[in-house]
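The two complexes that follow have chain A in common; it is paired with chain B in the first and with chain C in the second.
Our next item is the complex of A and B:
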């Protein structure tokens, strides 16, 4: 398995929000990709947006602009 | 991409299914809403789908097949339409949330619920059904195959128990319809709930239910029916009783083609191919150090699913690595079967599910085995 790194992981209330996030980030050329929610955050299922810690400001700006509300923004080993 | 998530949906569809949907989209009017040629064309296609499904499941008549959007809708109709406060219902730990959540809701409304336990391999003891039955038991509802482990339930055996006690028997055939033979008469199934987009190889948004003649289910929805316009109530006759509003005719055309494909290709051939891939994968990974496989592999009679974990790695990490490094699509995490995860001890870790289609190839299975070998070696 690949070595884990500290990443920024955004979780959402719904899958629809996660998909809106991917679309918005693509449109705004913001970095990151969808991954399954890591166990460290929540056992279960669902999608989250994973990117570098340094992208936090950029991501938050996109979310604010397009009106996506996150469940939480985590810094965790992914 | 190597697609091994066929228990979620069979992504690769027969060309006949694709062609049928395309043809329907350029020719179909609204079924049962007039006698113009386009409307009749839709009615004929949908009736043909009913006939094929009735034949597949050995229903008394095509009229006993109603169409819905998916198994979840079918199960909601069947479960909520069969139970009243004060009734008792029996189910199992193998169930999907599409069975459990309607039951939990009814429990809050005064329905008493018994859940047959599972052992750590996802197996149930059939004697537990008999033990759980009471005078007020009205329904037994269970899956034909676990979406998490692939373990099958002997529904003929459960059906015989239900029949002996005069209890309505509802089966969730989401993981088995189209791959395993289902005979609602021989198996004493009163209501069979199926989805169109898995083993039946049809489009998503299609599904339905078989309801035994003589059972009247109150509909979840009422509305347009194409008949009996001046009646203030929705018609009670099957299948109209459960089909308010315009059906997904384009999708149902694809579903009919899916059933046609299964009949032409042979369900036995499809099942044997899928099981061959499952066993090949299972034997390829079961002895790899650190790999833990869930479910009962002591029997040959199981759905083409292998669910595993590697060490204590998060299942979502393993699944993500399989996709990013090897291009293999699987499903990680919790699989909408909360009690099954509890029984297996995978609530926290989740599990990585590999599920096979007859459209897969041996090369793809070998690649998946090699990927697990590599991943389990790495620190």
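Our next item is the complex of A and C:
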């Protein structure tokens, strides 16, 4: 089984925001991938963006540029 | 217990729900139905006289238990969040569509899996439609479909759905206000207390595991995640073992309880269900759980399920089950009448309209 690591997890208000995040990150060549929202974070059934802790600034910049509002940014074991 | 930190635990959640369904089936719930959310909401709507189909009227404690169980566990684990405001009337319509599609197929996604586990090949055919519907919904999600975000609201708003469900339960056991079927599926049920406990368990486990039939396929399509399908897999395996052990497994199209073999309409019915469920953010079971944990939007979707059940039976949209010939009656092929077929087509068109015209707005 893969060992869990501390990651940066961005949650969104809607699934559409998560999908827009994937598109924007691909376009801007920003790192990360979509994952189901980790159970430790919220009871929602949506998607979240997972990346390395060190990518925080890069990710926030992309979100600001394309107009994606996060619900929250967490650091958690994924 | 955290059910979602590994696939094994998620599968365990499905196993628990499967055991509950198997016990309820043994104790009297209708064949291959055990724990069908659409059927049980339809029965409850009938008990409340929202429709007059005499054979499907019974306030099912299971659905009531799911909402209250999800509410209790969400409050206990501090996950209760009262939210509202994500296009409620569109969700109401999607709830109606989910119910109408389900009643044309004769079962929600949960019953589809239960029927599949009993060897009902009609359900395997319907799975094609369900997966197609979910895939269509996922396509529109990728294209930017959104019903808008929900906002935090007064804590009491989210508690209305569990309280209303409790009210229905109290009225059903303490008064004679509600109708109760004397024959047909509505007359077949496990003891009330057992049904309620079963519902509470499934509600709590489904809340913790985020069990969702539409979501599990959506996640596979969108992000190649097999987490949620593990829950469904667990449930399927338990019901398969139960059906084989009790002699209820029969691999066939004909002779299945409360089913029909109109393949096109089984496919299209479940296509509408899968499509609408992805647009609404969850299958009927998930809507009950979300309503329990404080989502007024899901609560409105559940109201749509009730309205859909009333419409389906009052206007003859629900399919009839196939029946073999007896000494006194001829064989019945079953399936939806013309009105039901037209309704499914309209439902699918409405889903496309909703999917195409509700787009995500970029944050300013």
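In this text, the second predicted complex is superposed on the first by the 77 of 78 C-alpha atoms of A that agree within 3 Å, B and C clash if a C-alpha of one lies under 4 Å from a C-alpha of the other, contacts with A are read in each partner's own complex, and residues count from 1 in each chain.
The working rule: a residue touches a chain if its C-beta (ideal position, glycine included) is under 8 Å from a C-beta of that chain, and two chains touch if they have at least 3 such contacts.
Small disclaimer: the values here were computed from a predicted structure and weren't measured.
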Once the shared chain is lined up, is A:68 touching chain B (first), chain C (second), both, or neither of them? second
For A:2 in the superposed arrangement: first (chain B), second (chain C), both or neither? first
Between chain B and chain C, whom does A:36 touch in the aligned arrangement: first, second, both, or neither? both
Larger residue footprint on chain A, choosing between chain B and chain C, goes to C
I'd like to know which partner A:17 touches here: chain B for first, chain C for second, both or neither. second
Across the two complexes, what residues of chain A are contacted by chain B and by chain C? 1, 35-36, 39-40, 43, 45
Can you check the complex and tell me which residues of chain B touch chain A? 310, 313-321, 325, 332-336, 347-350, 375, 378-379
Complex contact set, residues of chain C against chain A: 2-6, 74, 79, 81, 86, 141-142, 144-150, 207-208, 210, 212, 215, 219, 222-223, 225, 227-228, 281-282, 286, 293, 359-360, 362-364
So, in the complex, the side of chain A touching chain B is made of residues 1-2, 4, 35-40, 43-46, 78
In the complex, go through chain A and note every residue touching chain C. 1, 13-17, 19-20, 33-36, 39-40, 42-43, 45, 47, 66-69
